[in-house]
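Shared between the two complexes below is chain A, which pairs with chain B and chain C, respectively.
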Partner chain A sequence: MSKAGWIRLVILAAFFGAVEALCRSGAISPKLVIAPTAMVEAMVDLLGSGEMNDDIRQTLGSVGIAMGLSIVVGFAMGCMFYWLPPLRRAVEPFLAAYYSLPHFAFYPLLIVIFGLGALPLIVLATLFAMVAMIMATLTGLDRIPRVLIKTARMQRLSLPAEIWHIRLPAAAPHLFSGLKLAVTYSFIGVIAGEFILSTSGLGHQIAFAYDNFDNKTMYGLILFVLCISIAFNLLVFAYERRLARQRGL
Partner chain B sequence: MNIVARLTDVSRIYPPRAGHAAVHAMGPLSLELRAGEFFSVVGPSGCGKSTLLDVLSGLSAPSQGTVEFEGKPVAGVVPEGVGVVFQEDASFPWLTVEDNVAFGLRRLGTDPAEIKRRVDFAIGFMGLNDFRRAYPSQLSGGMRQRVCIARTLVLQPRLILLDEPFGALDQQTRLLMGDELLRLWRETSATVMLITHALDEANLLSDRIGVMSARPGRFIDVVETNWPRDRDSRLAERPDFGAVTSRLWSLLRTESMLALGQGAVAAQ
Partner chain C sequence: MTAVRTLRGPLLLTITLLVAWQLLHQWAGDSALTAPLPTLQHLWEMIGQKRFAPHVTETGLAFLQALAISWIGGVGIGVLLGGHKLSGEVAEPLLVGIYSLPKITLYPVILLLFGLGMSAKVAFGALHGIIPVALFTMNAVRNVNRTYLRAGRAMRLTPAQTVRYILIPATLPEIFTGLRIGFSLTLLGTMLGELFASQRGLGFLLMTAIDLNDVQTILAIAVLISLFAVAASSILLAVDRHLRRGAAPEDAGR
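Presenting the complex of A and B:
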């Protein structure tokens, strides 16, 4: 492990050690926070009992669909704006201001349109995550060195071959940044949506436990969501690191 | 005399854009490249040397005049048989040296055994054997440029166009790369056109040197060096070497001053 990795590990261990000690000593009331080891225990119990399986399936399914849609549609729209500059100039101010909008305020409207269930959540999360992918695609395509495009022409590549063999690999580091954001925003969109108004899913179960002062369940579920989200991001990050190492970045 | 490429009364004018007036970058100029010769182009900064290369290679179309390669018109598309090496690093950072060099052949669907044969030759020729599996980020600037030359070389171009390929390298590396380029030229019998701002480099490498005026660039003279075909950087030790460089500079001095906006000083 690198030096930075060790420092990171020490910081995390110190933080969780301190929280553990404060909780166990009673300095922090269990009504507020439970000890990290109790959170782990709660998570293992919840997963082992199977009582949350339907909620886990629903949330992860919604996140997966939102993630896939935001990545595919965001990439396609990014490419469309890149190749249609007048359209891009027209929509760019909206894209720039997009994340200043209170997206979750539209959730009731989405329920009216799409009904109760997973669909409005998927739409909300997709809308929330997609623009990050659009912006990353535009940045990636904008930053392809001109000399690589000239090289593609020198190699007499067709436009599809140029896109596949030159433009996409050249833009890959930026595309992965967008992908990472789309993963994170999809999780936030679905779980925050479930938290607000849904009747099932992990977000709803966290909110339900919170309303009933069931800290054990609440922290166990929060830890589970954290673990899943971090695992996804680590996967993308590992591939991104590989790309960066190849390119000496 | 066999003519490989011919430019006739070629001009390139960039149209007005976003409040900027049209730019007459180059021409009208005419040029004939003889089969198997090493031709260099020198000229003041911004005189249109790279524009000339873009037009000749088919990377951009001339505003006026005609461009031909092997008797056929070049119309905004790089013809088969023409290879271009750019000043900037054009290696693909996501591919190894071997995959970079094989790139063009794979796209053409060349037989794998033939790809291997040609890639092995080009990598060996460019002295990259120990770096076959390395990525460009693990190589020096000079080695990356060699990868780009090897990638062009495997396509067996009959006309190789080089746009200041050693511009970013130190003087010693430039000299050695120049030797490699001469060796490549001799062994492939290709016609080479080199764009450079280094007069010594043009002198050392070339059979003929086209000297361009300040923008819009036109040829003000073509200097014949009469060096033997079998030459290398030791040519610079010859007593008559400096005379050719001096002649190039005497042709270029006024044009370079004009390019720098010192027209009044040049007129004196």
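Presenting the complex of A and C:
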């Protein structure tokens, strides 16, 4: 591991060690933060007891569907805007402002249209995550070096071959960052929706535990959600690394 | 003529959205979605009412404080990390990691740490905005072309002159993009913070309206916030483009 990597590890260990020590000694009240080891313990207990299994299945299912949809549709729409510049000029200010819109205001509307249950949450999260993918696709396609496209023309590649062998690989780094953002935003969309407007799911359980001062459950669940999203990001990161190494970067 | 051309796209989009809204209203009915015109009238009425102003002030204040923290803090952190190579290498993966966490799950923790009220909203807004600003600033400082600095030394610029004539012009476009993204995310964070466990502010009005299923108020507030967000983003985007207008394209010289 590099020097920076070691320092990072030491800083993280020192940080969690300090929080642990402060919590165990009582300097930080357990009403605010419980010790990191207690959080892990709570998470293991919750997962082992199986009482949250339905909520976990529901939330992860919704996030998974929203994620898949937003990545596929977002990529397709990104390509469409790229090929149709007038359309792109029209929607660009809207896309730039998109993430400051209050999406949750439209939730009641979605309930009326799609009924109660997981569906409006999936639609909300998909709409929320899709735009990150659209913007990443646009950036990726914009930044393909001119010289690569000229090479493709010199080799007389057909359009599908050019897209598959030149354009997609060249845009890949940006597509991957779009992918990661889409995952995060799917999580935010589903869990925030469950926080305020749902009667089941992990978000609801976290809010319920917060309302009942049940810090053990709350921190256990929060840790669980964070672990899953970190694990997914690490997977994408590892794949990115492998791809970069294959290209000799 | 150019003004007409630049405005044509957004104008068409606005009209399309309004038409779509009206059609959706026809299809879904008044209980789901009120028509555009009555909603806008209702918004106008609400703005005129006395009880509305304190909520707007509350949200505005929370947002401005959060924005100040994320802009000033983010640029400060970014300059430090960009200027010192090792600390930048140590911190970058951590920042990227925190940036990609679904921070909404941490909101109960923020509420416990900061208590109910203004400070929790500000903290949550700043938490969303500060990291992108720091990341963009760090990259901008790190990527300053060394040749410019050497040229500055050859011309015997004082440190103040180096900052004024080399560092600021070289980093500003990239930093401004960070500030723009930080603006959007801070607004998102502040609004999310207001939706839960808040007693004042636009987010609180929105939640009350959702609980009462007062569709007209919900949409009126959504339109108000959206208008603010789109207007501010468009201005920031225009400034961003203006700053980048003289810059070489990113891949030049590679």
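Following the convention adopted for this analysis, the second predicted complex is superposed on the first by the 241 of 249 C-alpha atoms of A that agree within 3 Å, B and C clash if a C-alpha of one lies under 4 Å from a C-alpha of the other, contacts with A are read in each partner's own complex, and residues count from 1 in each chain.
The rule is simple: a residue touches a chain if its C-beta (ideal position, glycine included) is under 8 Å from a C-beta of that chain, and two chains touch if they have at least 3 such contacts.
Not measured: the values here are computed from a predicted model.
Student: In the superposed arrangement, which partner chain does A:A21 touch: chain B (first), chain C (second), both, or neither?
Tutor: It touches nothing on chain B or chain C.
Student: Let me test your reading of the model: by the given contact rule, A:R247 touches which partner, first (chain B), second (chain C), both or neither?
Tutor: In the superposition, A:R247 touches chain B alone.
Student: Now for A:P145: first (chain B), second (chain C), both, or neither, which partner does it touch?
Tutor: A:P145: touches chain B and chain C.
Student: Looking only at contacts as defined up top, I'd like to know whether chain B or chain C touches more of chain A.
Tutor: Residues of chain A touched, chain B against chain C: more for C.
Student: Which partner does A:P169 reach: the first (chain B), the second (chain C), both, or neither?
Tutor: Touch status of A:P169: first partner only.
Student: Once chain A of both complexes is superposed, is A:L159 in touch with chain B (first), chain C (second), both, or neither?
Tutor: In the superposition, A:L159 contacts neither chain B nor chain C.
Student: Going by the contact rule set out at the top, does A:T184 touch chain B (first), chain C (second), both, or neither?
Tutor: Touch status of A:T184: second partner only.
Student: Could you tell me if A:A90 is touching chain B, chain C, both of them or neither one (first, second, both, neither)?
Tutor: Only chain C is touched by A:A90; chain B is not.
Student: Where on chain A do the contacts with chain B and the contacts with chain C coincide?
Tutor: 145
Student: For a test of understanding, state which residues of chain A touch chain B in their complex under the given definition.
Tutor: Answer in residue numbers: 145, 147-148, 150-151, 153-157, 161, 165-166, 169-170, 172, 243, 246-249.
Student: Across the complex, what residues on chain A touch chain C?
Tutor: Within the complex, chain A contacts chain C at residues 2-4, 7-8, 11-12, 31-33, 86, 89-94, 96-97, 99-102, 104-109, 112-113, 143, 145-146, 180-181, 183-184, 187-188, 191-192, 195-197, 203, 206-207, 209-210, 215, 218-219, 222, 225-226, 229-230, 233.
Student: Please give the residue numbers of chain C that touch chain A in the complex, ascending.
Tutor: Counting only chain C, the residues touching chain A are 8-10, 12-13, 28, 31-33, 86, 89-91, 93-94, 97, 100-109, 111-113, 180, 183-185, 187-188, 191-192, 195-196, 203, 206-207, 210, 213, 215, 218-219, 221-222, 225-226, 229-230, 232-234, 237, 250-251, 254.
Student: Could you pull out which chain B residues touch chain A in their complex?
Tutor: Checking each residue of chain B against chain A gives 57, 59, 77-78, 80, 82-84, 86, 88-90, 92-94, 103-104, 107, 135-138, 152.
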